[in-house]
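Here it is, the structure in full.
Chains: A, B and C, in written order; residue numbering restarts at 1 for each.
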């Protein structure tokens, strides 16, 4: 009796806490949307307004009207970059992760530490040499220059490796008995069976590509190769700050990711659930 | 891998301005970089100037590249200058003499020619390194103190002429949520420079960093902070007039560029003064900023680039006027052009130009971002109550070793 | 799902030992194995070589050169760059600060994300909603998040949300980011960081929680164990390996902290007035703003050294360094 009451009370408290916390977590989104519809004086006003006095859709339409800031084009660039780099980088990471987990050859440990080691060296300072290398290969202002350096993600390799470590070995062995080579096993059996994991890490790498700033800033010199994050930063200039468009633009820039999360979040959880981080 | 090739071909289709420009028959295409100006119409304007030049000089096409905002622009430019895709002509905000000494900039004395004497003397001094000119100012920005007339009258104070008057006024003008003074969201902004200059102390003098002599005046920051009379953490920073026009502060350090906005919002309920002299032995000061253009010494088309700069920023006074006042509000660096600009010859704009001519001081050309960071950090510590003399001495010796390193 | 079901089988079968095959076949077997390994790791290794190792090697050489406004090598200065940085009080302070910050933020992030995971995992209805609500912030960039924090939630004017709420309790408007005594800026930094990161770690913990066999809980329930004892005796031990891996990621992320500090404190032109600075912020200033690539690179390797040391210590204590198979 006592225990029963305790568990009802417990789950009520759990719900209460979760509801409160999710409100707190969602407040910044509300503030962002609120500001996106406000005028500059409303945003900088000295007292708080819960809602904009009117919905200024102009903030959104003028984002795309201004020929001096190619916002539409920068959205398209970001989309192209993310759509290409997410699957490619995830595939590369999956391949390496599988080999490191399941193909036991001499030197495997060295390869593993070579890859994991790149996580420990802060990227900000090796940036310029990378820029010069890519520049000397003609990568400035090109789509491949924007994309290629981000395709090699050691973090994802580590996650894939632990995922494949816990992959049931019987399936692989069955494939081997059927006469498949190691590569065949990977292509025919492993890859189709890691779709959810690929989806989850792909989503994460999509976000990373979408939100990256410093690299696209340097390599995309021409406004035609701006990404959406660069376009957003152009609303904060040294002379004036265009607050309504800045907030509206930020809201627009977050939207694709929110949609992707809503669609993919089931897969993301399931994928990582299989990753065997539990090793 | 095939996806990469798809990406590559996608780029091949995207427009390449260099290719289209040279296709029109020009023999040489120059790449010119601008940072991102906030004012509407600026990008179209510089492209129009470039086109007019090509019309007059069909051999030379200009590829204008509109760049990042100020905080990122210098980083982006410096990276580009190390690589293979550097621009031929580029803008510089804070001019860095080190770039000239490291051979990154082309001397421009022949571009100035006899017109040199017609330029603002302060600008010429600023851009001269070891006897040669390495940049050409395209606009002068004057920064000064805006004050709200009605608020000052109500509080019974007059525009401050000494630092003591400034702190007293700021205190008196502070009323609940309205603060007396806004110098920056961090409560520091450019004020350490202004304080030192207003005490008559330079940052660098004769190859020595000497700002620690300004311990007295920079120490005053602590009073401003403990009085709680300065505005902190506003939505926009000091270079935007928002805090002033919204009535969140009675006085704000800002720039000439904000004048049209302020006029529109407040009519004639405002005035401008320089930063006050520290005390009777000091002097009033204003900051002189702006943007210059320079030529990449590694450019393959230095002669053409020089021709373009000369045409645009020496000869075309109509364009210079257009550029200075049509979109934002700046001063053309050639005295004769500035005098002819009608928008600058009345009201607060005229006052500002006078302030700039009489009291304007630029950052030293030897100044680097490391020195800036070190100096501002010291001032921030002082504002929090650290000992001014000791803190500044320490920062100064670091800056001195940076300077020695720079001079080779 | 199959993976979790058959997890216990895996350990024995992880290395498929080719039993009793003729020597010739074993040889071609070995060759095809090596070939497969090379083909599968080559894209990653070649990519890292071109885009990371060359740059890392170059930076390493630069750290022994004088390289202002250039990245060409040649003016060798030995260990001068390292000495210069280590004698720089502000850089030393940043190293101390980041160690303290890591010591504080990692447990907080750990407890917060594990706590959320346990709570979300306990409810039946609305689980997807809560999961999404906590995960959504992970999609927001640091720049955008910092803008919301700086301009709307924690701005110093009365219209900031924090000040609006404070006003309900009669508090005066406070400049959150600029107040140093008490250091209120930490509230701004930590809430921003947690908002952006907790969701992702929570998902990793949920994944771990879901792989705990339900029969363990049933047994505990029959024994009459309360929720806290269940957590201590089942959940936490079963999450040990997940926790160790997540801790490693958290340590690296904390020691390399940069984005939220930079985005909150930068005032436009350059840094300087920030009340705290992380090592990476300092190095960003040195290398990318002041153009001293020699000193900047030296700093990168000092920071790497610190990261390696701390993760090794962590591995010693928690056993991550042990080979898994």
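Basically, a residue touches a chain if its C-beta (ideal position, glycine included) is under 8 Å from a C-beta of that chain, and two chains touch if they have at least 3 such contacts.
Keep in mind that this is a model prediction, so the values were computed, not measured.
Distance between Cα centroids is largest for the pairing of subunit C with B. Two chain pairs, A-C and B-C, are compared here, and A-C has more C-beta pairs in contact (counted per touch definition above). We define each chain's centre as the mean of its Cα atoms; on that basis subunit B and subunit C are separated by 38 Å. Put simply, the C-alpha centre of subunit A and that of subunit C have 15 angstrom between them. Residue positions 70-71, 75, 79, 82, 177, 234-235, 237, 239, 248 of subunit B are each in touch with at least two other chains.
Residues of subunit C in contact with two or more other chains: 43, 71, 151-152, 157-158, 160, 268-269, 288. Contacts with at least two other chains are made by residues 43-46, 128, 132, 148, 233, 238, 243 of subunit A.
The touching residues of subunit C, counted against subunit B in their complex, run 43, 68-71, 88-90, 150-152, 154-158, 160, 173, 175-178, 180-181, 265-275, 285-286, 288-292.
Remark: subunit B residues 3-4, 6-8, 10-11, 14-15, 17, 33, 35-44, 65-72, 75-76, 79-80, 82-85, 93, 177, 234-237, 239-240, 242-243, 246-248, 257-258, 261, 328 touch subunit A in the complex. Within the complex, the subunit C residues that touch subunit A are 1-4, 6-7, 9-10, 13-16, 32-37, 39-41, 43-45, 47-48, 50-52, 54-56, 58-59, 62, 71, 116, 119-120, 122-123, 126, 128-145, 147-149, 151-153, 157-161, 164, 195, 199-200, 203-204, 206-208, 210-211, 224, 226-227, 238-239, 241-242, 245-246, 249, 252, 256, 258, 268-269, 280, 283-284, 287-288, 293, 296-297, 299-301, 303-304, 307-308, 311, 324-325.
Interface of subunit B with subunit C (complex): residues 1, 70-71, 74-75, 78-79, 82, 94, 98-99, 102, 104, 177, 184-189, 231-235, 237, 239, 248, 368-370, 372-377, 379-380, 384, 394, 398, 405-406.
Those residues of subunit A that touch subunit B in the complex are listed here as 40-41, 43-46, 67-68, 80, 84, 87-88, 128, 131-132, 135-136, 138, 140-144, 147-148, 217-218, 221-225, 230, 233-234, 236-243.
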